[in-house]
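Below you'll find the structures, each written out as structure tokens.
Two complexes follow with chain A in common, the first pairing it with chain B and the second with chain C.
== the complex of A and B ==
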């Protein structure tokens, strides 16, 4: 039996319930009354629903039972005030100017400066600190977009999360810098983490947000992350989620976007590695003339599993949504794509398009792809398409006939397949880096020291040169 | 350069080539003509090493070496080039990157260092002018969204960059208007050297007005039934393939 697995007597749900009850005061230390009430309700829901299981339609393709069978520590301590986050993580994407916001084991890492207010009025910092300092903002948005009733894990997060990142962009503010959040886990034992983020974009504001997930430890980690994002009237958000976790990590990444009239969202989840990754993009278009682009790329091998759940909730007329998800699966890797589009009766003149394309490189790799269109309006344009295939033998021969080896020809074709999604990245430096990362991933060169998503150079590891070697691609 | 001796090829048990003999010397241009479905493309594919064909008898000697055991990429590195009838689109990969990769892999095979960037770019520039290619073409993805003419020009451009000893051009004239045909043919003619050879596979005599062959072969029902000088192409044009059918 593998170390860390307790097969019979252990029950994670009961354990977590016990922790929530025993440490209720500590968990809810900073809660506003509104947050406290949501927490209590969510706890009830979690007790009732428990963890998701394969009998639920939306979890049919993703089996959590193995990940839930480890013994975890659930409430990691706050980082100490003198921690130097730069020593643990330093992003070295060339010319990638970002405002780096770090989380360590779920906690906002800069303990000396929990909330930073910028000259333009932007606020960035700890969500727990925001509970105390900005209760009116928190009460107006917290828990409004995440759907605790729909999923036991979301409910657990609301019940148990202690901290996360809070970002507030005031009306009419265009944030020039890219904001990059990095969620680092560094823990000596198996860790179960509930992190919670809240992002509020005021009217006519503009933000580019890059969320990265990194791990330093190689113990078993279960991250249950919930992020709520409010996009105000005519605001735009350009959002990226970069995932390159080790094979011991389970990452549940639930994003709840709420769009007001005339707003634009572009979100792109790039999953390069990870034991089990589930991305939920839940987009509610509550105001007319808004626009959502939801993209994803996944490159999985070994026994990795990736699950992309998209729910586009067209609740207002004359909105447009576009989904493009592409994936390459090798070895015994498995994938799920579930694209749910709901068009409400009043949401006339909706345009909703969905595409999911997959390449299976081995006969043991699997993909379960399912579009689900629920349309109650009569004047809409909706389309969906899913493909599963292998590399085109004609194209392989074409490339090989130029003198390129079969192995490199395959990489080239896979890269060509992935390029569609990479090209949607509108930040040039990030696109360049992701392009390199994808090439490295496809060549099997994304090694242990690069298990962090944007090639962090930790104190233990040498810096890695990322120059593209044109002789290989 | 190329000697094909008694080549028999089957696809899934069905014999397509029934004993081909062909001798191409350095500096020569050969044309292989014949009606549809007689094995012209099969011959091109078998020489260049495509999977899926069973060579049941015979041999293909290229520059003194039997190449039947070599992979497609090894044959390319040995100096073979196939201009495709239907070039494949590769979105996301620029022609520049594609060609640089190909050239460097071929150099690696020969034990040479990668081509220095300035040298590579200068060569691109030279060959682009040769084929009257637009500047922006090289930064576009390989064949993606190209017109039929652009695709064929791009095939000859790749040939110019890779400098093969033997180029096989499979129906390069199909889908070309008269201007594109002239440019493609001029490119092929300018690339002609005493030490390289070209095999042009074509259905019509038209291309041979621009690329004048030394030898014309007529492929019919898996065999070369007639060989002769360039006048054979004219005779074929005049009398049609029915004439061959009645003669064979």
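== the complex of A and C ==
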């Protein structure tokens, strides 16, 4: 076996290379010269690196070989212009006012209106359309933050992605609404999807962004999504990722954040279900006095696998980063956490804190955690902590001694464990919904969503509560 | 204050290696380079039995298939393994009965180090097996130990006198194909120490060996094997200093520890080999494989190390916790200065039920050095109720050094509890201010803080050793602390 190639009987890499060469013109239809060049470079990188494999340090513990063994169809067709996205998908989180931006099989769904310009100057729409209409914006940011050299899948995305969502917030604009992007897959065959998003926040702007991943049918899907986010000077981004996919889905979600001076980022990844999920949060702090909060929660069971990779790159002085990742793993589920904090030589007065806590509920579940500090500056405060354990038997006993069944006591403790991350959600409606979903998830009622992660079967007035008589506590 | 601090740091960075001197003793050396003939030469020189030569040759043939590991956070020019003399021994072979027979120059060397055999014999009751360039020249207290049935001798003597024991345990913890440097050592090891504590014996004295690398261009490849049989206890100490040399010297040792049921082994080491000068030239390359196995239930292995020397340290004293209820401990202080690079840590492999491990690692980086902690805690499915606590702290002195932590944690069952925490910081201005406010000058304050920082580890050293360890710590950070 040649190094760098995952052993498969069917060679997905060759198939994808063939597709990229054969349909080169179609893929690069809207490219600016800058984008085209990046595509060509990335294709070469992908040919050289291939798919990531377990021998790579960043991919220890996550084995893609099974996911790569399926026969996939790449480059799905554009949705037709008369498609009514509302019919396929509707989000109904109570009181959750969002500006919904939909993607269908990777394409920006509203084909009649590819780029919407709002009165405050905000632009939302298709990335491919933005290539044509706003080449100077695209050239200034596209491919600048994602690191094609670091990972074959990122390179593949740059080489092959056709469309995605483009969001531009001009300087000094505070977006009042929550923007929610929903990536829906609905395809008759096994789908291999490369979606690419670009989000640009101008100076002093403010945005709340909720990203949801959702599938309609239950075919095998491989989603390789790359999102680049530029956060301008003194801008603020609240970002949420909700993942509740079915067990046949492989979801590679790579986020690249680039922070300018004084900017502030809060990102929260909540993984409730999914066959194989890998979240990469790559945060570069290039300006001083910026602040990043990276949170994550994962609740996995059956044969699910979740991999959280966080890389905080402190390249400027006087920045602060905080990480908190918590996970509960049951059945045969496996988890990986790899937190890397790098403090550059001149990034003095950095504060960087990282915590990863895990609960294993079965002897078949495994966790592999690697909190990693790489520090070259001396005036820093950095710490990391990792724990692996189980529910506190004394706490369990205490609750049970108050007449609560063991099963309920366990749920209560797990909920309390997860609540640390849930409470970081700053949008009240979303927090309430996630709270309900986590409760349902812990009770085993939520296996996968029929539609969106936020669109579970509970309705507006039906509150989810524990079956616990609170008067007994 | 900042200026004071800078001065102090500068002094720290500029201090020279105090133990740099060189003893002139005639050497009997192997030809430069490594091939099967070299190995046969070493084996013949040491009058080894056929099986040991086979062991060496197998290791060598396996070594040829390996490449040098590149994952550690260290950088050095490629090592030319054909440009090394693999065997050097003092020429005198005569059996020595008393200290008087030892080469006076050697005794002088020990005196300079402040570890005169004579004095140690009288004052501390420590049995010293002094190894100079690979061959044991003197073993003391053998008679006392013999009374208890304790075997403590050089590795070559053990091969001659206790071949069954050596055959049974050698390579059982660190197989000859374990890694690149272990294979190299297995092929060319020259000498080392062997220690066997029989059933139920509590070794009456602390066993100690001094290693010294002495001849230019000779890599030293010792091999230590410690076996504690059922219910036995031993505290073993190893300490090193090396003379000043301009060319890099390669050092690839193996230490194997076997603890049977209810046995306890405490292994302490102070390592102060030549770290290179302040420009980063010279110094020892130290690639060591140290591993212990808690074979029986309720056994315990404890590693304590103070690492102040070597240009490059690549060392991961590990414990395989095989027996149920066994215990592994790792206490480490690693100091790097100038251009030193240390990549050190431990592995705790939990295989048995109710096994426990503790890791305390304190790194101190100064100058332009890089200091990494790299550790693995692994709990397999069968190891129910395993417990681990790890703490690795890094202290940075100066803004050109680096401190890194690479902890790997793997858990495969639900009943284990693993905790890991790490911090990286510098000596805070608050702490310094507090001390100075009470009339303690900057220099003493830094000394106080660094000593306090390392105390958690130093207190695990045997008393005689703790004194030297503190001395070395002080010398390594000369000018400010001590």
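By our rule, the second predicted complex is superposed on the first by the 440 of 473 C-alpha atoms of A that agree within 3 Å, B and C clash if a C-alpha of one lies under 4 Å from a C-alpha of the other, contacts with A are read in each partner's own complex, and residues count from 1 in each chain.
Throughout what follows, contacts are C-beta pairs under 8 Å (C-beta built on N, C-alpha and C of every residue); 3 or more make two chains touch, one makes a residue touch a chain.
Worth saying up front: this structure is predicted, and the values here are computed from it rather than measured.
Asker: Mind working out whether A:137 is in touch with chain B, chain C, both or neither, as first, second, both or neither?
Answerer: Touch partners of A:137: none, neither chain B nor chain C.
Asker: Which partner does A:40 reach: the first (chain B), the second (chain C), both, or neither?
Answerer: So A:40 meets neither chain B nor chain C here.
Asker: Could you tell me if A:395 is touching chain B, chain C, both of them or neither one (first, second, both, neither)?
Answerer: Only chain B is touched by A:395; chain C is not.
Asker: Touching A:371, do we find chain B (first), chain C (second), both, or neither?
Answerer: second
Asker: For A:361, is the partner it touches chain B (first), chain C (second), both, or none of the two (neither)?
Answerer: Touch status of A:361: second partner only.
Asker: So, A:381: does it touch chain B (first), chain C (second), both, or neither?
Answerer: second
Asker: Just to be sure I read the superposition right, which of the two partners does A:345 touch: chain B = first, chain C = second, or both, or neither?
Answerer: Second partner only.
Asker: Tell me the contact category for A:423 with respect to chain B and chain C: first, second, both or neither.
Answerer: First partner only, chain B.
Asker: Report for A:114: first if it touches chain B alone, second if chain C alone, otherwise both or neither.
Answerer: neither
Asker: Residue by residue on chain A, keep only those touching chain B in one complex and chain C in the other, then list them.
Answerer: none
Asker: Touching chain B in the complex: which residues of chain A?
Answerer: 392-395, 397-406, 408-409, 412-413, 415-420, 422-423, 470-473
Asker: Hey, which residues of chain B end up touching chain A in the complex?
Answerer: 48-51, 71-73, 75-77, 81-82, 84, 87-93, 97-106, 108-109, 114, 141, 158, 162
Asker: Could you pull out which chain C residues touch chain A in their complex?
Answerer: 71, 381, 394, 396-426
Asker: Considering the complex alone, what residue numbers of chain A touch chain C?
Answerer: Per the touch definition, chain A meets chain C at residues 57, 345, 348, 358, 360-390.
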